[in-house]
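Per-chain residue numbering starts at 1, and chain names A, B, C, D, E and F are given in the order in which the chains are listed.
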């Protein structure tokens, strides 16, 4: 995965996305003439895969005074433990106080997605997992969600913007809409084959009009060697994709001489169902995961001041002073 | 709540945030010369409060051909049932096919937040609920999250941008950081009082250094009539805010002659805990809710073609033809 | 339902099917010269629908001495309560002691089946239920099982012998084997139509080769008015029949102009699933139930002596003397 | 266990016990002039002990054309796995199509009984288990049930016909009826001893009139060396037989000098209760099991065509072609 | 129930039974010359039946200065709610500080017993309940436990001292030891009848040697009209007393002409089992309850100072000042 | 632990605390002239730590005839198994029959407390546990309860009488009452320091007025080296003591230079919460346990006659004759 480029948005920089009380605080301190060098530490509420740190670094490198700052952090994609310090900022408080909301939010949301992705990837034991959930989150964060899924270990994603952030090609087959408009799965697959550039793999969605096993053999017969995969996406109304269906489609494709055609499974996939497919020996070649990743709850983060002008402090419930964590590396 | 103004972002309009296969589909249909008038219906996977429709309308009004379009929908903030059709678009397919990802995602994400907010508001039985979760979502959607919370019934929110979208004043007290830097809760509250404009209510956060009951009386004695409220935000390490704590703080404030000071509660609040406070008769004047709303799972939506050039169609698992819903109103 | 004719089998009459110790007992009493008039009462271990009493009556009328007997019982098909006396025999003990095993067994097994059938029938709220479980019991009792199912309220059954016992026409469609041999569902249905007498309803099994919705429309188009029903029997590997599938097949048949074609559902049906279909408003016209009825556990029965030569007796755990039950009617 | 002789009944051979649609199918195929060589495979819905194959073999050897048949199967009493092919028939379809109902039913019912018996036998860890459930099934299958219990590992059974099928002596003590008529347990046991041939073991049932411990010592004192065992069958109204009761009876018999008298336990016995007796060290010498075996649910079986005239076929949900199973042996 | 006389023990008065820190506290205050009039309130941790207040009153009337004291309380046997103030003492602190441990302990322990007794009495719906648990508590509190059980509603108790405290006759039958020594239940009952004064009811314990039903009839035949009751106390090893056993014993006694003999049940009795007897219609005439009452957990009480020299005070977690409770009555 | 001296109370010796039927029994036997040498065995209903045997021995040594007695028992503090014989008395029955109630009750109550104490001690893995529950039991048994807790492994107890019985110094800090009367925790602690003899450790209770962490540092600053410990006793209304609170107090004390001050935890402590503190690494120096020990249910004991004049006997449900137990030692 290549290094993404994050650019803080004007609304974040202006403090518009912040909780109002941080604006108040900076204003009050300014009027009181207080701008102590303060150390803030951030920790997550549960363990998971850290994501969002690159974006946070881009923000901090813009707002912290260059000569008077020190930032330590875990790296993008690293495992983080519950309550472990993952970010420590030391700088004049007025330079960064306004951004506590954004820093917490970026890491919380992205780490939530990355962590859910990792669960799927671990369940899949090497079989590729593709993030398909762009349709379940607001488009403003669809790309970040897909980027986080790839940080978490997904082999690809369906959104163009997410793939670009992660330096990958977007993945995808065809929607039911294309098949409904073309009126037949075979005809839609042939049109796809006709017009798409050669590097786009021919993957046919085979549950629109006919039984999946029947349709799989039909599209294989129509495209022959050029067919890369079939995608099974059986709706809940038809009982979802089952391990037995995958086995049968495999058997019928093999029997008809199409051993090269891969089988891709989607529709309500989550780690538990992935394990069911794996445990029952269903020959799946790829999983498409939607809302399990895109709807993952953020991993809430907390930021606390632990030192002010070199003096240990803490609110009730926290321990005053720097919390040691040898895993942190200096990033600014 | 005033009418918000939504402006589709360039990344949405260009299709970058879309699933790649919709771009492929539109491309293939263009090359095949197919652009039928098609009817797409959208339904949610579970019941809840609809939010995001205003933003979707702004998008559709920009992309659908004015003379050849018909859009019916439920209104922002209306209750929607599981699997009920909430949006029906009839227009040439090429004009909107690329936006299925965005339409689903906007509604899914915003409705998830609005629905969770509604649950809190209903549990609170008239006591105001404020959205405090901006710190738990990515700043690009923090404002939308807060806007959705207010659509769901919250009385206010903490982010500046969310409050602006919803046409409200942002709500907030002061962070622990201010108190830690000032070194004392009374001193911090006095500084706040000194520098903030008169319309900002004086709400003191009373759990930083001392026991909440003790600190409450101290700040009340310092500000007298000008103190609007105290906010109890006891951390989990100190057992969170309990109904008994609220009762005791109320009793101690009353005993000291500060019956006018209100009590605001935050920290891990959710509908179940709200009900516990209400049922035990704790005299809470406002609830601050964070991750229960901000971390609510999106309400996944599905879009299906049901008519093409006036002919009923549907993929397997769906019923061909228009799905009647008398609650829909024409919006475009 | 006409009156069935039951004929005790030679193995029952000879005592071969009895527990050996009853043969011993009769032998010992004979040698001891003891043959008291004894009253035996039978009660079931749980409540249910009584079945088997007609067969028991046929047996008793053959073995009890005509001038010295009195038999009281509940009637075939009546509800019986847990531990209620359902049969009371007064006669010389040697005349019936050998048949305790058979009497208990007949009632236990048949009542188990009838009771399970009644549960399905009550769940179905007037929609006909057909017993399809002959294949899950030994052929020697397949007819009795189907007879009991009809006593319990089923509208019909699939076995020839069961239907004859109950005075009904056997019900059935066609097996997958016919369709597999004919190579196509439409062709198989047409052959069925060609060769079966007019009184046999044309019911096509539509899940063998293609998707059920597609196949339903195809067979309806082939047979037109002559098609009575389609039977949905989707295997577990394809997610079983769902309420949504029934609704969709109904919609597609209606859309294609075949409102007269009924929909029959089978495959793992039980009272709970019947209720799910009913509650979700799926337009089912008949349910085929297999192992829920055929595999129902027998309702174990117990026979106790309560009077010997007019003197109340009982083993420990039972109350000596006749147990009053005004619901009993004299049958012999 | 000697080899049983099974003779297909006329009702099975005539197809009366079959599902009507198999008769229809054979009739249609005959009229269509279709009689392909077809391969049918049978598999069970869950794992267990196979029973009924001998009876199926007797049926098939009668109906399949001798020169044109091939039958492979697992053997009576072998363990079978869930969904494993346990029987494969290749022959002209018309010769056996009518018997699918009977074949499935025989194996399902008998394997259900054998499997439950095996569970008891395994729980008993070498202590003999006797099948006592003839009274809970219809007399037409009482013998088959007891035969299946012995196939499953039981040491004996109480029905005369079941014992004969399995080539054993029937087991049994005496019923409560004998004791009630004789008026005293000791007197009944003495009459039993007087009249029964020497090879019948003297087992006294000791819970009819008095406490079991008291009665056990009384009958032991009456019969002395000739007493083989006492049977404890305490009814549920007296709390059933408990491990402590067995220990106490053992202690009291031993104390009175009757160490040779064995203790046999019955009444609501199942694997879980057997384990409780074993785990608590109760000195049980034999268990009598009734409805746990006799009321065991059949192991439903499914028969599918997998080849027609050498061509792989299958209905949806199954894999076309022969399913390999090296454990099968050719039986016809 | 007559008024009991409680006399504080010397160990309580001297403070030996107190927590050491109360002795320390009184000592420190004395040395500091502090003896403020203080108000202490006591509340229970859960709801129940108040017991022990008479004993507490006896203690307080001895230690509080007569002219300078005010004590308000709920009355012995009244229902108390969770956290309700049940006792309020206003007096110079040094006069009673040492007795906080004793006051809490007396009420906690006695109320625990009374509350458990009440649960049994309510379950029994008018059938007398006798406290039989003296053998499960230390003899120093056996009388208090039985007294508390009678405060809770029991009709009697087995300990002599408990009965005296409560102004009742002690209840009891005979122990197994008497019967074992006499060698026969009938003989033991006859000896009892011979030597006991006429006012002691003849209640025979009928489970020592023989089955309860058999023994019941035997003792009834031996004592005739003079037999008051039989007590069923079947041990766990024989399955405890069951509702069916009671019914059968009743039936056998009635059949033998002993309708006047009552049936008394004991052995592991608790409210749930009492309800089972009542619900199944078992004709029980009295329940003997042991460890459910005697082993009931104390209802922990807490004592807090709420006013010192007329000034409201409270520790954190409690509300300063007198807690109003209109149910309290002045007792000193 | 030194050897306690137990003196049977007059009420026990007179039989007043006994069940009335034992008095009856001894009276009847006396009148019948029966005084056989009888062997009584006592066993507990569940496993635990034996306590009370010393007191029982004191009683028996007083009542059994010196030349005609033999008593075997397990020792105070030994582990006893469920149903294991823990005491065997052989003597003329009239000499001890009256004391069965007391013997059972002493062992039951004391062993219940000792066993609960042992659970806490084992959970604490070497960290001292102090019994603080005197306030939850009747003062007549408060000392015995604390003695039993120490037999179970507690390092100390709070009641003066309990400590004396166990030969220890009583443990304790100060009550909230002292602090409320002194008006400030520091002032109360200083008064304690001023007036208490040097051997009493200075332990300050730090949750009365202010937050525990703040108060801990204040009292440490006031007493310096002389402060032994702080006790955290946070009420449920403030969320009880949490592991995090202990860690924070430790950190704040250390930071302020008071590493020698120990932390003592109380308030609703039980084995499960002790394990939570241990598992989370909270640096607790001592646990105070109240109602978990004081409210422990007695371990009900049963006494049975097993031999009369050398002849094995037993009631139904028990085995006649002496029950061998090599762990018993002769004590009288």
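Some notes on this structure:
To be clear about the criterion, contacts are C-beta pairs under 8 Å (C-beta built on N, C-alpha and C of every residue); 3 or more make two chains touch, one makes a residue touch a chain.
Keep in mind that what you see is a predicted model, and the values were worked out from it rather than measured.
The chains in contact with subunit C and with subunit D alike are A, E. Overlaying subunit A onto subunit F using CA atoms gives a rotation of 120 degrees, to the nearest 5.
Of all residue numbers used at the contact between subunit C and subunit E, under half are used by both chains, marking a mostly different-residue interface. If you compare B-E with D-E, the chain pair joined by more contacting C-beta pairs is D-E. Our note on geometry: subunit E versus subunit F, Cα centroid distance of 22 Å, whole angstroms.
Distance from the subunit A centre to the subunit E centre is 65 Å, each centre being the mean of its Cα atoms.
Centre-to-centre separation between subunit B and subunit C, using Cα means, comes to 57 Å.
Shown for subunit D are the residues that touch two or more other chains, namely 209-211, 234, 236-238, 244-245, 248, 314, 316-318.
Pairwise, the chains that touch each other are A-B, A-C, A-D, A-F, B-C, B-E, B-F, C-D, C-E, D-E, D-F, E-F.
Across the complex, subunit E is touched by residues 211, 213, 244-245, 247-248, 251-252, 255 of subunit B. Interface residues of subunit C facing subunit E in the complex, by the touch rule stated above, are 312, 314, 316-321. If you check the complex, the residues on subunit F that touch subunit B are 209-211, 214, 234, 236-240, 242, 244-245, 248. Residues 9, 11-12, 15-25, 27-29, 31-32, 34, 36, 38, 40, 52, 93, 97, 100-102, 104-106, 108-110, 112, 132, 134-144, 158-161, 163-164, 170-182, 191-192, 194-196, 200, 207-210, 234-238, 290-291, 294-295, 297-298, 300-301, 304-305, 308, 313-318 of subunit E touch subunit F in their complex.
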